[in-house]
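I'd like to ask some things about the structure below.
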Amino acid sequence: MSHPALAQQFTSDRTRAEWHDRSLWFVREKRDRMAHGVPEWELLREHASAIKLHTMSQLPHYLEQFEKNAAARGIIVHWAETADDHNRIVYEILQRHGVRRVVKSKSMLTEECHLNPFLEKRGMEVVDTDLGERIVQLRQEAPSHIVLPAIHIRKEEVGECFHEHLGTEKGASDPNYLTEAARNHLRERFCKADAGITGVNFAIAETGGFVVCTNEGNADLGVSLPKLHIACMGIEKLLPRASDLAVFLRLLARSATGQPITTYSSHFHGPREGCELHVVLVDNGRSSILQSPDFRRSLNCIRCGACMNTCPVYRRSGGHSYETTVPGPIGSILAPVREPEKHSSLPFACTLCGSCTDVCPVKIDLHHQLLAMRGHIDAKHLLPVSKKLSMKLVSAVLSRTWLYNTMGWLARVSLKWAPRFAVYNPLNGWGRQRELPIPPSATFRQMFAQRRAGRKSAESGAAAPVAREGSKSREGSQTGGQA
Amino acid sequence: MKVALFVPCYVDQFYPQVGMSTVAVLEHFGVQVEFPEAQTCCGQPMANSGCMPEARPLAHKFIDVFDGYDYVVAPSGSCVSMVRHHYEEFFEHGDVRSARVRRNTMELSEFLTKVLGVKTIFGSFPHRVGIHQSCHGLRELRLSSSSEVMTGRDDLLKDLLSQLEGISFSKLSRNDECCGFGGTFAVAEEAVSCMMGDDRIADHKAAGTTVLTAGDMSCLMHLDGLIRRQKLNIRVMHFAEILSEAIC
Amino acid sequence: MSNSARNAILAKLRVALPESSALPQLPAEGPWQKFEDPVRRFQEVLEGVGGKLVRVATVREAGEYLESDDRWVKATVRWSAVEGLGQSTIDMNAIPDPHELENVDFAVLRGGLGVAENAAVWVTDEGLRHRVLFFIPQHLALAIPARRIVHNMHEAYAAVQVSRQAFSCFISGPSKTADIEQSLVIGAHGARSLIVFLVEEWEH
């Protein structure tokens, strides 16, 4: 289904859509307060962007540096060209260790690669340990947000889900009670797990280590008990220096959830004694994005989710309306870069308001990329035929002033005289909930010409009062309550 | 100073009074504008639909029509932003004419404050005005501070309107959220578009707005469409109309 | 296979690298946010994220404070890495498998420094057999020398050596989640409470 159809579905439950919008706006406001508390906020964004752009311009060098330093610390580094390669590599490591049960903290990369079903098909149990991810896993859904995976679910629904799966009291919906139940349920899983998988927020080339950020502590619990830790990362997660982390850790949580920093920012620089630590470096299309001047800046993304929280469309259409691993503005670039046919409606699920660009902590020019992506969709002949044809027609009309004048006259006259049912027909998407403008008797250019002519004959240099007739004529016809 | 007026196509056709008010305001401040008759549209509808080949002739037409003026003034932040920020790809790198026209194309409030240096306006508008921050004026032209960015800026539109006697402003809960117009978005994503518009209107209603204004008639066309359908008692005016009504 | 994938990725990346741009310098001294009273700021932020700051003159005084804390008093299984700050009930040397720490009620560990801007405490696994001790106890206390409060993260990274230990972490407050309707719940998977002791005269 296309975004408009799914968005329409989501908004049809207006109360829920409004609740969803408010929940995310609440997070956006927390972000604003946090950002206001840092006087050098805009400088941090500049630095973050510059660090990322620099890293991308020398990515092969930094990857090699990371690999060398990681190996020196006893970290085993793997390379995966595709999602499938990634899954196979992870599976082989797990298999070699005889793993049956895996606990996994939040990792957009493993979502992107669909690691869970891959491992489950091969007989392994994979438990997502982030509370939000566990909720959607139990409900057999995809996350609807990259930082707040269960933001679309009401507490009553979580209560029902936990009643069914975790045996909580029927009808219970208190978040404290439900979280406590999840804590106990997941503790058991942590203790029984044979391996822990995490994502990576930042990897550091100069040290060969990496950082994982969580609030719940689930990543750390997941990898501090079993003997095997596998960390999966996209190749764009690299930073040159440890000191760069200061910039990014200051920005990440403030942008994501409006916290000064996540509760745990764990730095891994080697395996525990007698244990193994693996890092899987995944390309899966990133090298192609890097080759595209229009979209390479999307690789700056640190997955904070701020663009989702601020996007007026995302907030009202819900994450699932995007049908992608990463939804919202950044997802509307990442998905069609890879599969334009499948996601051609996403760059248009946007008013080009630019709020995403302004919240982005790494200064990705999101709305300009979305605009550029529309051009790519057109160039690939993926625009709906009706849209392309009408744009061709409108362009032809607007390119010829006489034709524009004629067509404009025709539009105004037909709008004026056509009966209401003919104008507000089911095909008129504008008119379902909105009135069309009331056609005036003359265009601006006619009024202006008239005025200049009148003035010439009157030989008066002072501002003629004709201008006001235009604005007066509208008062009665265009203001509220006249429909 | 040779100043040309650019009136967006839909304003020409459906909101001539906005164009006339712009003329009146400019003349009030001593600027005699010309209206080059050959003008039509900046090409934004096509460009925002991804149809670059269809937008290209309009960009060229725009430059042809408006080259030779010291300034091109338009009562629309959105069209100005199209010309200034998105014309690059339609012209050869280093093209002097297009660069000149693009640089000299200005939104009305910007022209009044930055070029004419208007500081005081004598006039009265005793109404509670709700300002809708049109996105392209806000986040492309930076005519005011957006709530996302931590650098403070003057709010050109509000500063101008503040000069009017008796005017008061609504305090909104979301100061600069998009109205949901978005060009073809308004129809393609009708459900979300209208919900966004309704939310803006509800915010203005709660804040006591009696006159809703903005720098872009496109946002107002969408909001006015909802307001009229719902028979709400909010008057919708482009800020040029407010200025012209207040000072003339 | 790994090597060919590696070379293929690197080769693909080198096809069209963006123009090189400069890496910004990030001097520890600024222009970063500083506070008139960094300890007060640390305390405010820590309380904001659900933790508690306790300022003490000596380690012994911190120990006395613990004796007045119900969570410590009622804890059956306790462990302290700080000599003189609470009595351990278990012998870490006798525990080879971290799974056996599942029932730890309260742990007291050392922190390297505290960051005023975000109440983060830098901890490492130096001298610590099981790093899970930062995460598995029901309650956690971290003790840091009072003079080791820095203003911001830039100063923090300049002061620590990130890669010296296999594991290190910034901990800011107790474990938490807001995954159910954005309601903040303290005590997700890790510690349910966090006390940070700021010790004026630290002998170690």
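In this document, chain identifiers A, B and C correspond to the written order of the chains, with residue numbering beginning at 1 in each.
Following the convention adopted for this analysis, a residue touches a chain if its C-beta (ideal position, glycine included) is under 8 Å from a C-beta of that chain, and two chains touch if they have at least 3 such contacts.
A quick note: this is a predicted structure, and the numbers were derived from the prediction, not measured.
Contacts with chain A and chain B are shared by no chain at all. With centres computed from Cα atoms alone, the innermost chain of the structure is A. The geometric centre of chain A is 28 Å away from that of chain B, both derived from CA atoms.
In terms of their C-alpha centroids, the spacing between chain B and chain C amounts to 51 Å. Each chain gets a centre from the mean of its Cα atoms; for chain A and chain C, those two points are 30 Å apart. Residue positions of chain A touching 2 or more other chains: 38.
Touching of two or more other chains is recorded for no residue of chain C.
Those residues of chain A that touch chain B in the shared complex are 3-4, 7-8, 11-12, 14, 17, 21, 25, 32, 35-36, 38, 41-42, 310, 312-313, 316-317, 347-355, 357-359, 371, 373-379, 383, 387-388, 391-392, 394-395, 398-399, 401, 404, 408, 411-412, 429-430, 432-440, 442-448, 451, 463, 465-474, 478-483. Listing the residues of chain B that touch chain A in their complex gives 7, 9, 11-21, 23-24, 27-28, 35, 37-41, 43, 45-52, 54-55, 57-58, 61, 86, 135-136, 138-140, 146-151, 174, 177-178, 180-197, 199, 221-222, 224-229, 231-236, 241, 244-245, 248.
Partner chain C is touched in their complex by these residues of chain A: 23, 26-27, 38-40, 43, 46-47, 50-51, 53-54, 56-60, 63-64, 67, 73, 78-81, 85, 89, 129-132, 135, 148-151, 154-155, 158, 175-176, 178-180, 183, 186-187, 190-191, 204, 207-209, 215-218, 220-221, 224-225, 235, 240-247, 249-250, 257, 259-272, 281, 283, 287-288, 290-291, 293, 296. Those residues of chain C that touch chain A in the complex are listed here as 2, 5-6, 8-10, 12-24, 26, 28, 31-33, 45, 48-49, 98-99, 102, 115, 117-120, 130-132, 134-136, 152-154, 156-158, 162-183, 185, 187-191.
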